[in-house]
């Protein structure tokens, strides 16, 4: 497999560029995206393929859904995830429901991308991670890739998928690099978790960018003689319950790590799944290492201590091993 | 305690009427509410206390938040819960955050009421139960009372509370009657679950209107010699984890019942809490009896089988007892 | 072309009708338009008995009184033009030419329904005649139609799209976001307001500071026009002009059809409120019934009683057949409930 | 009153200035206005060094170039009138008369900050001068201000509220929902658009089909007015008229101040894009600097060089003191992070 070194951010651009080249029905919609076409990062583009939008999140998100129903494959860049609330009526009441409500008469191949910021002193209105709310909405697919290769392959799968897909990106991943396939048909399937590291004593399930802490935690634990398996969920809907359950069946202990707020978050669903379907194999409480239920403050001194990190994961693992 | 027989719906009206009489800063805002003032159910009202709104959910919800910050206590009637997505930017990005973001310079005493419909052939756009998404938002309080007395007492507490409170009502409760206190200061505190029936073999935690099935299920089980404890959560945020954990510590088995969709719902949070903090006391998997992850269809033949009911709860209890 | 009301259409801001001779319907189109108007009326009038018999669950919103606005608008469209509608969803597909039987079956929640029993009364979307959504979320269809316009532009076709919405929906901010999107990109979209004067129990006069929704368009660079929504030919003329403008790549228009709803907001939902006078309803039924006006106009235009009578009995038969078809149709299999949620289900249902 | 530009304010739809003699600032008010404008400029100009020194985290949006619009508007308000602002949040509190030290401390995330370190640069809301929110969600403050207007009406005071928002925010549908709400209920609200021609990297000319945002108001029954946002007295005059109208119970107005942002969209966020010409920026800095224009006007109005010089040095000192105060202030205690989420915490934190 031919590869090239790409950052997570460039993996996004490559995926978009390749899919736009491959399929003329793929278009981009979003605020301040004129710079994409201007900078040429997406190649020579027909101006009708990028739509630099007014600040009208509800309107242009719904517009993209309508365009999807009528033959296009729009990629909507909502920029920062905290703005999605403005658009969520159209995403939830239309994109997720309209195929079902019409008895299958329409398809809704639309992608919504949004980035999640933390430790950047952006304060509460720019720091949300709204994927939990969309996980409760049947009809959507929700992904949160954690590596450049996954981002490229999963975003391409999302663009080719005939259902609405929400893509959540941790902005601190943007600069991360790795070798990524250059095959224009390189796809990473939606709905499959990845075992990033095998282990036998405890399973650490990591959501989105938390992989940056889960892997170092596993390394640290290895030094102490504790063998941690790290599962990167990648896809929140569909959630790969089988891989998670298989891992816990082996390790019998589970720690779930997620930057989202604690109550009713992605970690709750993962824990509830294992408490329901993997209970017999469990030997210890399921611990959640999440951001506590408080809004994100501006001051870095207040903000930084709130998030999951290597040490908190290690401490949780120690706890479930006793 | 003097009481009067009230339906759940009349309990709502009584609570609003009493609080409006008590405190001139309480106002009502919502679509088609002119009929309240016209019908006189709320007594003789200054026209400036009820605001029959245009269909502008985002605008008037935000308006209510602004009014709350500047001295009023608005009660916003969003009518059907599926419309809340239009307003949720203001609820999440403003109501939940603005006190925190201003370092406590403002208070946001606003109530949002919304009703949830099921088994009424209303189809997907009128059948949502969006409380899970709000449970993940720090700064909000979220309640779902299941009896007329709780509704009156908790709604009154919500109106007097200085924080934003979301009130979710199962519309099939509207006609249910019971004796309700007439004391104008009768309050049921937010954040406390109610043990509706004591038992020793299994805990059934019920969310919102599911109490209508949980209690009959417990009765049915009693006939079989199984003693079920029924906990009505009433308040989703704050969630009374202590009462749930205490019950499970006694019964060692847990079934959670909720009409909301399964993934990342309220039931997931309750299950995750017990898997984390009550694991040592558990003797069986935690089962969730919820609506599966599918949009709600129009056809009653398709719709009815989806929801939790007495038999499904009984079956789940049988399962955790083996 | 005779005028059945004092109200000739008023143009606002900029002219969307290009000449003094507005487009008019040909004889065959007039017959087809009358057939569609009658079909809406007949379809709606068949419902109360079926509801009483317990055959139609849920709430039902009737379009009786608004037939001329619906059909006048749709006659200006091609089959491959897209439309979006509202919770008051029966009239739009019929006006666009849909077959009645699958619509009626849908109201009864049958497997043969146009939406396979998953949509029901508020969502009678028939894709085969261009309907891409009937939104029971008030205002929800507006951005979808805007997107269909964008899609036509990107794909390089000359299709247009038209969004029906009510006077109540005109207070959803998304309308203005979409007027603006359509204006800046010259999207081929017609924003068509069925202003029936009320949103459920709320008179438009209490929720709009000035009575003309079309006047809100100009500020967004979109021409606005007001038309008598009870007059088929006027609605047709003004919509045709907007459609031509859109097809020429000159962008969107907003049309406000002043119309009236003859029935209650919904059948099956009881809201005890006196928000409009019985008198007013009676006056509209008596003087402004679009079918009565249309019939008189057709006779004047030279169509014979026999010709119209034939259309009338044909429609009556079609409605009766639709009811029979629906009643005999099977209910969907509960096990099929998972179908049609995803186009590409992945491990679903679990 | 001299005109520093050809643009005298243009009235749209309906007259909100009641006579030909617009309200003007008294001598003491002129001094105070100049002090506030200088304070904004001085405050903003002090930031780059503090950012470079790593003392101010996060993104910073400067109001340099827009001082006359901000101060002209706020001078028309009383201390107990409410305002809402935007992500470009430093200018609003200073224009409304806030003390600089707690604002600067907030930018540095200190415990002594006006928001106790929880808000930061995008949220410098100072309630003590009437600011009820600075929303970093574009358009988010508009309904809050509308609610403050409703509150004043219900409580029977004669307070008004004013919402600042940008040309970009004018494309959020919520603005039109709120114009309508304020119009139908005659709420005492002033919708004040700081039209600086750009939303981040997007020229307003590409996202508005016609250039005047004020023209969008008329369709909602709200008078709209365009004013030269670089001219303190004109902004003051037109805002005062809108305020008086609101206090008299006659309802809302929309004011569009044509202004310009001299700096990049944000300091600390690099967006490589050539969305406006260096030339254009230079021309505005040279010819349309509100402080230069204001100073010339004050001299002409009879204020002496000495008088202005004194104000200038006083402001310089205050800014320096604010920086010193902020730098010496303690950071918040991490254990205090739970404070101020709830007014009435129940079992919180768990």
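When the chains are written out, they are named A, B, C and D in that same order, and each has its own residue count from 1.
The rule is short, and it goes like this: a contact is a pair of C-beta atoms (placed from the backbone, for glycine too) under 8 Å apart; a residue touches a chain by one contact, two chains touch by 3 or more.
In this text, all values refer to a predicted model and were calculated from it rather than measured experimentally.
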Using C-alpha centroids, which chain lies at the maximum separation from subunit D? C
Which of B-C and A-C has more C-beta contact pairs: A-C
Using CA atom averages as chain centres, what separation in Å is found between subunit A and subunit C? 40
Whole-Å distance, subunit A centre to subunit B centre, using C-alpha means? 30
Rounded to a whole Å, what is the gap between the Cα centroids of subunit A and subunit D? 37
Among subunit B residues, those touching two or more other chains are 53-54, 56, 58-59, 82, 86, 89, 93, 100-101, 123-125, 138-139, 293-295, 297-298
Give me the residues of subunit C that touch two or more other chains. 115, 117-119, 123, 135, 137, 140, 171-174, 177, 180, 184, 206-208, 341, 348, 350
Going by the touch rule set out above, what shape does the chain contact graph take here: line, ring, star, complete or other? complete
In their complex, what parts of subunit D are in touch with subunit A? 57-59, 106, 109-110, 115, 117-123, 135-140, 168-169, 171-173, 199-202, 206-208, 271-275, 331-332, 334, 336-338, 341, 348-350
For the subunit D and subunit B complex, residues of the former touching the latter: 82, 84, 113-119, 123, 125-127, 132-133, 135, 137, 140, 142-148, 150-155, 161, 173-174, 177-178, 180-181, 184-185, 339-344, 346-348, 350
Across the complex, what residues on subunit D touch subunit C? 171-177, 180, 183-184, 206-210, 215-222
Using the touch rule from the top, collect the residues of subunit A that touch subunit C in their complex. 25, 27, 48-49, 51, 53-54, 56, 58-72, 74, 89-90, 93-94, 98-109, 138-139, 141, 161-163, 189-191, 238, 240-241
What does subunit A use to touch subunit B in their complex? 58, 82, 85-86, 88-89, 92-93, 96-97, 100-101, 123-125, 128, 130, 132-133, 135-139, 237, 239, 260-261, 263-269, 271-272, 274-277, 279-280, 282, 284-288, 293-295, 297-298
